[in-house]
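There are two complexes below, and they share subunit A, which is joined by subunit B in the first and by subunit C in the second.
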Partner chain A sequence: MTDNGKFTDERFQLTDEKTAIALDVLRKRLNRQLDAALEVCVRCGLCADSCHYYVANPKPEHVPAFRAEQLRKVYRRYFDPIGKLAPGWVGAAELDQEMVEKLINAAFGTCTMCGRCVINCPMGVDTRQIIRTARAMLTAIDMTPEGLKATVNVHLEAGNNMGVSEEDFVETLEWMEEELRAELGDASIKIPINKPHARVVYTFNPREVKYFPYLIQAAAKIFNAAGEDWTLSTESWDATNYGLFSGDDEASRKIASNLEAAINHLGADVLVMAECGHGYRSQRWEAENWLGRAYPFKVMSFVELQAQYIRDGRIRLDASVNPKRVTYHDPCNQARNGGIIDEPRYILKHAVMDFVEMEPHGAENFCCGGGGGMLSMTEFAKDRIAAGKVKADQILATGAEIVATSCHNCLDQLDEIRRHYKLKVKIQNLSELVAAAIIWPRQSGE
Partner chain B sequence: MAANWIWITRWIAVIGLAIGALGIISRLQAILSRPFKQDLARPRGSIRRGVLYAFTLGMAPWEKESTRLHWLAYFRGIFFHLGVFAAFAVLFASPWLAAAPGWLLWVARIFTGAGAVFGVAGIPMRWIGENERNLSTPDDYFAVLLTSIFTALAFGVLVEAALLPIFYLATALLAIYIPFGKIRHCVYFFFSKFFFGLTFGRRGVIGQPDAS
Partner chain C sequence: MPVVELKGIKVEVDEDGFIQEPDSWSEELAAAIALTEEVETLTEDHWKVIHYLRDYYQQFGIAPMIRKLCKDTGFQLKYIYELFPSGPAKGACKIAGLPKPTGCV
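Let's look at the complex of A and B:
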């Protein structure tokens, strides 16, 4: 069915009923913002070089406008009078099997919805929104790639996207509490669970619980060093929300509302999202819109909180602990799509000896290729790794030995890039570097 | 006889412009009838600054990587559009062109002449560039050709007043086509830029102090 022949399953066959459902999704999602994004493109192609897929493999199918054009063709055919009357003249096209295949490849296969083309478009076209709409249409007719579909379903069924049981979660936390006590020789260290009216509730990416528990330890060390009134919830603790990537607003809403309920039950003031790019974007910028109501609590990223702790003198760092050259990869969902640009730099300037920027960086940074749920869609892994060449070149040019980031999908993709392109770098979370550099109060005589 | 032609074609232009305006109003009505997606998330940056940036500095050639890399295409577009705006100025001033000061006519000639050249240049550029060719529809070529002819005729009128009736006919054709083809981006541009400024300003990504 697709270029790589992976979508031959019956569920990827279009029927009249599926066509009607997909078009209905498009109809319902057509608000002013989407209408403008679909109408305004002048097909100048200036967005091409803003896409890491295009830079790594410059072919017309990798131009962001080309991807968005697939949905525009459908929009014109069914929603624009000229597209209905003279489809050939304005490039309108039926939503048929061939178009569905093009949409799958464009929306799921070669776009991470990173938004770099949006920032670079002279017309301000929001291609992210167009791609997410295409994904929503495909998801509504059960044409989501298997891995992404499963990730969303597991989250809905088990309460977290890796199916971690409450027992395993609590055991991991207890284990990390013991480890941290042993590391610091301080029996008063706590990882509080379900503490009512704590100021802060912290969330995790399930990967931390399952594969990277040392990141839980790092976060706990930072919270304890800052003397924070914090807790974790067993009711809902997963920071991720792959509904953002599948385009399924109903699933997104359900996942977000579970977390909202947990925070409300604990009566916390602040929900702090783990270093997870899309998790932050989902809860900070999208969730309230999915739910149709404003949260009574504040949502912030752990990156913002760490910067605040340093600024307020609540944690003190010894940068000499991290003497190697460090560069920072801005996760698209935190920087370009969330405005967290200065904070990681502020942190690194205090936590490491030698910080160097990769070029470009900040809002203009290139996506590493791990966004958009790409890591869950193994069908497109080859293209994902190929597109990662842009990031590999960026890293190489810095001469850094450590690449810091603050997103799990970025962390995984950067690690794959490191192995594939044989980069002699270590990939680390921001909190790991901070935790290592903390001057523990007892050591400083406090 | 010539005066009659001017009078008749001028009215054809007026009717064409009226039809075009109705089409644009209909397009505006269509987009405004759609729901506006409210953003309930607490702002991180200034929305006002974001929108201001989107319509001002954000359009400067040095502000975006895309326009820094493709400066030729950017400036072609800028001069083409300046030419089109100048051509409309010529159109609305056409009954009184004889009374216009000479220097103003020269300025208008430069803008419309350059606009027409840069407009027509867009056709081969679109055809030669593999990406642009793949993206293009017949409407893309027709729209740029029609607008370039209109701009060229505005220049022509400033050189030879006898071209006025043809200019008026081209005006009618262009005006009627605007709401139907890609030229209607002139309507959606303002919405798109506003939403861009709104979204990324709210998130503190663009137009903020110390932000690019």
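Let's look at the complex of A and C:
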């Protein structure tokens, strides 16, 4: 069990077999990039202020280099020639029970793999990669925190991470279609399912289907207004991939491959990822490496597509519907780690009256604290909320009444921050604001 | 797991405030958890949702889709979010003593 008494289950007890497996994972992952990341840290400490955990609570354990140092110690002990001979000389350490517990706290407990320290490191050290490697080692020996482990397992077993059955999925879509037809007074509105050769296949974060179906409505409004040839697949529709967070490349590959197969079976041109930060990053930037092949279709985020619709005049918006001051929270995996920075701003400048940036923003935005699968790991919830203080202060300084974002982990974390720090703001998805502002063609023709 | 005292009731919860033993749930405890989820008073409609969630969970071992919840209680979708401002998963399910769901919640 760890020093904080959180991991008392027997699976968190290290055995010789587990040690060998974990070290083997490290050995297999050691490539030029990881080697460099492990070797070149000069301990300048510049990463400290880049991390929201450290800014909220400046203690040594919250410095990114400290977290990375836990794996570096193990690396030196088993893979560095001097570390093997004189471990004490270079600060090397055995992978024992104490070390494993330090790795759990460093890799799962206090890092969201948001990558802000990576872009602020003068040596270009990819601490995010070091942390994911540590997570991969821990996952290989069944030491993943329960909620994260369960989320990956449910996805692999049920085809989506909340265990929604196909029957429930279809029934929810039909329900939303009915509601939409009633709201817009238009019986021709469709939420098409399994339509072969549609141009676009859309995906959802399962929580939209299970708990927040008004976001299905928002997406359907936008697709219908744009006159898009779109569909949904019952074969695979979950945009998430928690393999990215557990570090398990085999699970990541399986999840990505299921989605790839569904798009190929429908013969679509474009896979559009829901407003889901890590889902977008996984499918757009990581999955082809996990799969070892290129897709025959294009992958884009719904955020990019909405911006394109506005730019091409396929949807027209009336910003006066959204008169309140709005700020935007960049999800790490979409902005810093995904390159989508201009599009959400372009959308908001058309969809709302008063858009204001938080500082810093874009690639330098602070993580809200909900990244890295942190929301699923209840063992670290208190630290997560404490680290969210940085985001609370950023939001407060904008004077905004609405915080828009485009990621569900961000959405939930921001809402918890709102409650905990008593902020008078509403947290919304971009698509909600866009859908509300649509000028329907027939209205303008009246 | 931390033990918290809510309105004089001691109960084991995870760091997100979900109770660990479904059997330790009681209506008094539900009312106490509700206060932490922006629900000041549990009305008849709140109880209808809470009892529905518990019955469904006891029968199927999983939280129901919000589709089922709306259909079987007769409540509109918007009304569910009004009843439970922190949402169906973190609000309603937590108050009803269900475990924390998997996924992005």
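Descriptive notes on the structure:
Going forward, the second predicted complex is superposed on the first by the 444 of 446 C-alpha atoms of A that agree within 3 Å, B and C clash if a C-alpha of one lies under 4 Å from a C-alpha of the other, contacts with A are read in each partner's own complex, and residues count from 1 in each chain.
In this section, a residue touches a chain if its C-beta (ideal position, glycine included) is under 8 Å from a C-beta of that chain, and two chains touch if they have at least 3 such contacts.
Here the structure is a predicted model, which means the values were calculated and not measured.
With the two structures aligned on subunit A, subunit B fits next to subunit C without clashing. In the superposition on chain A, contact is made by A:E69 with subunit B only, not with subunit C.
In the superposed model, A:G91 makes contact with subunit B only, not with subunit C.
In the superposition on chain A, A:A294 contacts subunit B only, with no contact to subunit C.
After superposition on chain A, the vertex angle at the CA centre of subunit A, spanning the CA centres of subunit B and subunit C, is 140 degrees to the nearest 10. Ranking subunit B and subunit C by residues of subunit A touched puts B first.
By the touch criterion defined above, A:D126 reaches subunit B but does not reach subunit C.
By the touch criterion stated above, A:F380 is placed in contact with subunit C alone, subunit B being left untouched. Here subunit B and subunit C sit at a least CA-CA distance of 25 Å once the structures share a frame through chain A.
Interface residues of subunit A facing subunit C in the complex, by the touch rule stated above, are 147, 150-151, 154, 161-164, 168, 171-172, 175, 179, 205-207, 209-214, 240, 276, 375-376, 378-382, 408-409, 412, 415, 419. The residues of subunit A lying in touch with subunit B in their complex are 30-33, 35-37, 39-50, 60, 63, 65-66, 69, 81-82, 88-91, 118-126, 284-289, 292-294, 298, 335-339, 341-342, 360, 362-364.
Residues of subunit B touching subunit A in their complex: 30-32, 34-42, 44-45, 54, 59, 64-67, 69-70, 73-74, 77, 129-132, 134-140, 180-182, 184-185, 187-189, 191-193, 195-197, 199-200, 203-206, 208, 210-212.
Here subunit C touches subunit A in the complex through residues 14-16, 18, 38, 62-63, 65-68, 77, 86-90, 100-105, going by the rule given at the top.
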